[in-house]
């Protein structure tokens, strides 16, 4: 912008050139049309009636000044200067005829049109910015309530998936070897060995359950421990090593070492019972 | 309907006119402040932003009364004020969206057994699959709408029998259930290989909704609850 | 003052009562939807969320009339509907205002040219402004979300054409592009029809997303990259 809004055309003629008449801030201009528009406004007349000759002179003088001040001017400004100098010469010369292209009149009209158009858009821009703006003059809901999304799965599977799944299952099952799951059992021999060890310590009637209790490691073992122990006890009784006693059906079973026949007990030590495997 | 709506519009316009004459400016101010605010405002904050002398409490009461019958209400939240959607309209603010999901391997396998062997109980599915099925697998299949409980087997425990639905047919592009390939077709397509033991058979599936001789109808409560056999019956 | 306020409160309560009797439920629903939404909603979206048979247009007109004297108005933005605080209350809400990013003069001018002259290429903007420095300016405008690339001009070099967005209309509270201030003057002046110089044959701005006869669609890579014309095409 030009400081002091100086009508510099007049001033420049009077002032010495060593003394800068203008403070030129070419950065402030949005291009040569902007500069021309500013100069035209200083003529304070309707853009349609401005003297293009005078306007061209002002522009060229301005550019001269700027160059004297060694200001870097963008190419756009210089192109416009050249064009205006040409326009000026065409306007000053009587129509020589034979010159190709648009007439000087047309060129002047085109420039005036462009200036008017730029000014019109400037005006439109101002009016646009005068409008109330969202977030400044009017506001949207500060705390909108989000729409909750209910996600419903849509299941997908293909017929091929279905058929391969069916065929494979049936086939695997049909071709599988029959295998019994291995079950953890307490063999009679193990039961007997354990009981014989326990009987050595127990002289009084004891509950069979109590002997077993230390073997009830996990519930799955309960039936096999119980069955094998009971069978072993019966065997020990038959051999005369132990005595058992139960005073009514389903009551706890008591057992103790048989006191009298040491020899028989001795015989039985180390004997291995038949290995029965619970199925 | 349009004429009724038009009449209503006229009524509303009249109301508006009469309201704009009597409605004090403070209401507009508080309305705008609460609408634009990102969080509920307390009375002190409101008073500080309003011209001096505005009786905030009264204005708020009036606004609350005005908005009470509307789709948006003025509510107190922890001693502060905010506009909120009327609570009876919360259904409006939900949106269904559909997310495609692939069925798990176990679910597809179970589905295949149900399709071929229906009506079939869970225990029977497990027997055919040779795996004890997770309860969740059948639940997923019920959720797909491809499998339905159809009755109860006349057997100890009265287990529920399952079958496929029309949605099953339409999803898999089957016109009828017997379009499912039989033994020869499964062999022919290479899905079953030739090394099958003698006597191996694939049933001819049927989704005839009529109950079989060994099926009882479901009781109404089966459809609401988790489909567990009613305890009283199960004990018999 | 309190007594006056009390009296007013009584009046308001009466109005409310009479309103709740005559006020149809549709008004509540549309009110709630528009209040809750973070963005303007079009009539189609509203209709889809409402029970069948609701005459959305009439309901909106009625709501607009009801809210006109209030601190919150129902406005049309880019052909959609939204509640906004009344713009005469901007003084009250300055505290809530986000300081809008200050646009340079170049950006404002460019925005106006894009708005009033769309679809427009960068070269055309430069021609109007008489300066060849529009690239950075357009980037700034793209960043605001008010301007978008919309296609490519069917012309040598296939330059990208620009237009304004819904966010632009929403920001400036415009119902449609026709409401741009001073548009009629600009049209009447003949400055948009471009008899001089040639190359401007765009009589009215349009943000209609449908491409003009002289526009091609953007290619996908245009949206990722810097919007430079693809070299292969540009060379043709």
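So that you can tell them apart, the chains are marked A, B and C in the order they are listed, and the count of residues begins at 1 in each.
Here, contacts are C-beta pairs under 8 Å (C-beta built on N, C-alpha and C of every residue); 3 or more make two chains touch, one makes a residue touch a chain.
If you're wondering where the values come from, they're calculated on a predicted model, not measured in any experiment.
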Completion exercise
Chain centres computed over CA atoms; the one at greatest distance from subunit C is chain B
Fill in the blank from the handout: By C-alpha centres, the chain nearest the middle of everything shown is A
Practice task
Starting from the mean Cα coordinates of subunit A and subunit C, work out the distance between those two points in Å.
Solution key: 30
Exercise for the section: Determine the centre-to-centre distance between subunit B and subunit C, using the mean Cα coordinates as centres, and give it in whole Å. Expected result: 38
Handout entry: Where subunit A and subunit B are represented by their mean Cα positions, the distance between them in whole Å
Key = 27
Problem - Numbers and ranges of subunit A residues touching at least 2 other chains - result: 139-142, 145-147
Exercise for the section: Quick one: which residues in subunit B touch 2 or more of the other chains? Expected result: 32, 35-38, 83, 85, 93
Practice task
Would you pull the subunit A residues touching subunit C in the complex into a rising list?
Solution key: 30-34, 36, 74, 76, 80, 109-110, 113-114, 116-118, 120-125, 127-142, 144-147
Handout entry: In the complex, subunit C residues that touch subunit A
Key = 35-38, 82-87, 89-90, 93, 96-98, 100, 105-106, 108-109, 111-113, 115-117, 128-133, 170-174, 180-183, 185-186, 189, 191, 196-197
Handout entry: Complex contacts: residues of subunit C adjacent to subunit B
Key = 1-2, 5-6, 8-9, 11-13, 15-16, 18-20, 22-24, 27-33, 35-36, 49, 53, 55, 58-59, 61-62, 65-66, 68-72, 83, 85-86, 89, 92-93, 95-96
Handout entry: subunit B-facing residues of subunit A, complex
Key = 139-143, 145-159, 161-176
